[in-house]
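Each of the two complexes below includes chain A, the first together with chain B, the second together with chain C.
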Partner chain A sequence: MKIVRNAVDSLKPHFGKGGRFEKLHPAFDALETFLFVPGHTTENGVHIRDAMDLKRTMFTVVVALIPTLLFGMWNVGYQHYRAYGMEVSLLENFMFGFWRVMPIVIVSYAVGLGVEFLFAVLKGHQISEGYLVTGLLIPLILPVTIPLWMVALSAIFCTLLGKEIFGGTGMNFMNPALLARAFLFFAFPAYMTGDIWTDLSPEPGHALVDAYSGATNLVYFDENYRQMTTVSDMFWGFEQGSIGETSVFAILIGAFILIASGVGSWKIITACCVGLLGMGLFLNLIAPADIPTHPMHTPAYYHLLIGSFAFGAVYMATDPVSAAHTEAGKWIYGILIGAFTVILRVFNPAYPEGVMLSILLMNVFAPIIDHLVVERHIKTRLKRA
Partner chain B sequence: MENLINLFIKAVFIENVIFAFFLGMCSFLAVSKKIKTAFGLGLAVIFVMVLTTPLNYFILNYMLQEGALTWIHPSLASVDLTFLAFILFIAVIAGAVQLVEMVMEKSLPSLYISLGIFLPLITVNCSILGTSLFMQEREYGFVETAVFSLGSGTGFFLAIVLLAGIRERLQYSNIPAPLQGLGIAMIITALMGMAFLSFSGIKL
Partner chain C sequence: MATETTTTAAPSVKPKKEALFSKKNVKTLRDPLDDNNPITVQVLGLCSALAVTVQVKPALIMALGVIFVTTFSNLIISMIRKTIPNRIRIIVQLIVVAMLVTIVDQFLKAYMFDVSKKLAVFVGLIITNCIIMGRLEAFALAQKPWPSALDGFGNGLGYGLILVMVAVFREFFGSGSLFGYKLVPQWAYDHGYVNNGLMVLPPAALFIIGIYIWWQRSRNKKLINVS
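Right after this comes the complex of A and B.
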């Protein structure tokens, strides 16, 4: 560590005022503060002396994402070998997934941070740590077969148009990672829907098993929900889907970390589940009895388990920047996300997965929800006075 | 009844005048800096729309269309005045806007001042003329026209209030200087349109 410190110190004058690389100071500063706790305070933004700063908040979320990442890697391998009917060890499954997922993570981080560095240097402000989370979220919500250049493109799109254009971390109104996914979803639908969820790179000496189907559970939705995998498979995550979304169990570990550390709002997570179950039960009630395969018949708790609802509710909806800020607003925001997710899943055949779009839509509604809540508070206080 | 509810929902969300047709962008972008004024303009647009579209419906069906004038004399059945639709529609809209302006100046002077030139400009708000023309093109009946105009107006109202909410939240954001104002509003509109795409596959 001492060698690194000395190296950084010897380089420091070049990046300071009047140095050769003065323009690159923000980039240097970000690296230095990443390696060592700085002895000075930040120059802009809010100053509160607390053990909890942006870096630590972001790092907590990254830690909370690790279980889904590890499970996702294993599941990528598991689905791959299952499609070829091969029985391999746990480690082999994991290593296969590791080599498939790691490039996506690296590209996402490298490109996104590159854009952030560029902007920081151009605008001369400090690099903030917001991208640490976004950069990990993007790979987790993409299918494993996504071409790397698309990952790069979406990372550029979301950092540029989702964040930097509004002034950087904390200034945006939409969740950047979801924006990246929505961008890919609308721009390259062929790579985001269909038989893309399992890595089918050929295995010498093995052919695809006959029973293989590239469909996720969501596809069975419009046909017949009874064709879905078992509830326990859906809970543990032995199903196809985006890299990080499949295992509700791994996501619950993350949710526990987020709630225990106070980084994620338990109100939003609970409200999402309440809205989802409420709307699911309501649709069960009014479902047409003469069509037993109608998607409205899907048991409400299935909605909790399939697709990326759990992932979205825990990691995306709780994004403190794009969510509603007021406490009452958080409940409304969450309930609307849950309810709207079910509506989109059931009634919109074009998008079997409603979580992404319903969170984005509620990001749009969040400011007005906050406004209404605040206006209401003002009114009741005035009445009391 | 179900048909009418579907028509309303379709006009508000699925075929939103702003996000699906990009009509009425000028006032949408210009008067969305504050929620309060956006709210006022949205209401004014709803009012003008609900007033003018059914009026235009009557004009179209009892004066302009081929055979519409038979109520005066059967010999007029072959007269087709549809080419006058544009100009008459706009005249009706202008009249209705005058009415709104007079009422607002009298009862809500603060809102009247803050809306400024954009209140009379509702006259040329494309979303209002657009709604009338959609009514003509899709051959709605009277009740359908009334519901559709209310839905269309509500869609505009929703869009402009949402945009104003976001812009108020972004007031303290560090937006690059060249993009401040209209530039960022257009980018926000595009991103909002992306979120509203979630409705685009729903069939009612």
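Right after this comes the complex of A and C.
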């Protein structure tokens, strides 16, 4: 540690005022604060400084994402070898997925941080840590077959138009990672829907098994929900889907980390589930009795397991910047996300995954929800006065 | 909104005849191109900017149509401005604009039927384009015919510039072509390039206009804090 500290200290003057690389100060600052606790002290007035700064918050989320990332890598390999009817070891499954997923992660980080860096140098502010999470979320919500240049394009789009244009981390009104996915979803629909969820790069000596089908549960869901994979498969994640969203179990581990550390709001996660189950049960009640395969008949708890609802509710909806801020607002916000997800899934086959769109929609409405909650509070206080 | 600069009433007493392209008149013509652009600064006429900019050709025709309507509506209204009763001025303006739009519409139907079909209802909707009514109310009603015509031409041109600029981006990235002529070579597609489907959808125009406004305001210091 001492050696690193000395090295950083000896470099420091070059990046300071009047130094040779003064323009690159943001990059140096980012490196220094990444390695060491920043030595800032409060200059005037009394402030409470917590160790839980932005960097640590973001890092906690990254840690919470690791179970889904590891499982996602394994599942990519598992789905690949299953499509070819091959039996391979756990490690082979994982390594296959590792070599497929890592490039996506690297491209997402490199391009997104590049844009952030460019803006930090141009505008002379610090590089913020917001992208640490976004850069990992983007690969986890994409299919493994996505071309890398599309990942790069979506990373540029979400950093530029989702964040920097509004003033950087903490100013974005929508979740940047979801914005990246929405961008790809509308820009390159052929690469985001359909038969793309399994990596089908050829295996010499093996042909695709006859039973292989590229359809995810969400496709069966619209045709006949009884054809979906078993509940246990959906829970553990042995199904096709975006890289990180298949395993509800891995997501629950992440949810535990987020809630225990206080980074994610348990209210939002619970409210999302409540809204989803409520709307699911309501649709069960009014489902047409003469069409037994109608998606409205799907048992409500299925909605918790299929698609990326769990991922969205735990990692996306709880984004502290774009979610509602008031305590009552969080409940409304979450319940509406859950309810809209079910409505989109059931009634709009064109958008089989409603989670993305409903979270983005509620991101837009979060400030209004907060406003109404605050106004109402003021009114009740005035009445009592 | 931002039209105060141009609405300052024309001086009622004019000692000598003004040159055709005096400094003031040139400013009237040039302001709407950048400093007071109807789309990016006054934020008017967005609906058609979103709708007809998928390809360059319809956008260009639409721009020409709007230039024609703004120029002549401004000119005509300015010529009869002293005889229009104030209380029914909107109706009079509408009649003039509707007449001009009908001329454009019939002309397109007669000579460019395919473009007319593509533009569809949006030619007719030039009537409701806020730019036209805005210029009539803000400029033509208080100015002499020649400056009014220049102002109308400038605003139509400012609108058209943005329209064509947006359309170039949308057609190039959305269909890989310009004026229907393929620009992205086949080998790019063979190597995995894909046309961006978002560019064909109306929100893309909003993104492009937004980015343009961002760039314009970072370059043109006059526009900071003007909304």
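Criterion: the second predicted complex is superposed on the first by the 374 of 385 C-alpha atoms of A that agree within 3 Å, B and C clash if a C-alpha of one lies under 4 Å from a C-alpha of the other, contacts with A are read in each partner's own complex, and residues count from 1 in each chain.
In the analysis below, a residue touches a chain if its C-beta (ideal position, glycine included) is under 8 Å from a C-beta of that chain, and two chains touch if they have at least 3 such contacts.
Since the model is a prediction, treat every value here as computed from it, not as a measurement.
S.K.: Of the partners chain B and chain C, which touch A:367 in the superposed model: first, second, both, neither?
M.R.: first
S.K.: Touching A:347, do we find chain B (first), chain C (second), both, or neither?
M.R.: A:347 contacts chain B only, not chain C.
S.K.: I'd like to know which partner A:286 touches here: chain B for first, chain C for second, both or neither.
M.R.: Once the two structures are laid over each other on A, A:286 reaches no partner at all.
S.K.: Output check: A:186 vs chain B and chain C. Expected answer is one of first, second, both, neither. What do you get?
M.R.: A:186 contacts both chain B and chain C.
S.K.: Between chain C and chain B, which one touches more residues of chain A when both complexes sit on the common chain A?
M.R.: B
S.K.: Considering only the touch criterion stated at the top, classify A:161 as touching first (chain B), second (chain C), both, or neither.
M.R.: Both partners.
S.K.: Please indicate which partner A:3 is in contact with in the superposed arrangement: first for chain B, second for chain C, both, or neither.
M.R.: Touch partners of A:3: none, neither chain B nor chain C.
S.K.: Is A:385 in contact with chain B, with chain C, with both, or with neither (first, second, both, neither)?
M.R.: So A:385 meets neither chain B nor chain C here.
S.K.: Using the superposition on chain A as set up above, list the residues of chain A that contact both chain B and chain C.
M.R.: 161, 165, 183, 186
S.K.: Considering the complex alone, what residue numbers of chain B touch chain A?
M.R.: Chain B residues touching chain A: 35, 161-162, 165-166, 168-170, 173-176, 179, 184, 187-188, 191-192, 194-203.
S.K.: Can you tell me which positions in chain A touch chain C when the two form their complex?
M.R.: 147, 149-150, 161, 165, 183, 186-191
S.K.: Applying the document's contact rule, which stretches of chain C touch chain A when the two form their complex?
M.R.: 192, 194, 196-199, 201, 203, 207, 210-211, 214
S.K.: Using the touch definition from the top, list the residues of chain A that touch chain B in their complex.
M.R.: Within the complex, chain A contacts chain B at residues 123, 125, 161-162, 165-168, 171, 173-174, 179, 182-183, 186, 344, 347-351, 354, 357-358, 360-361, 363-365, 367-368, 370-371.
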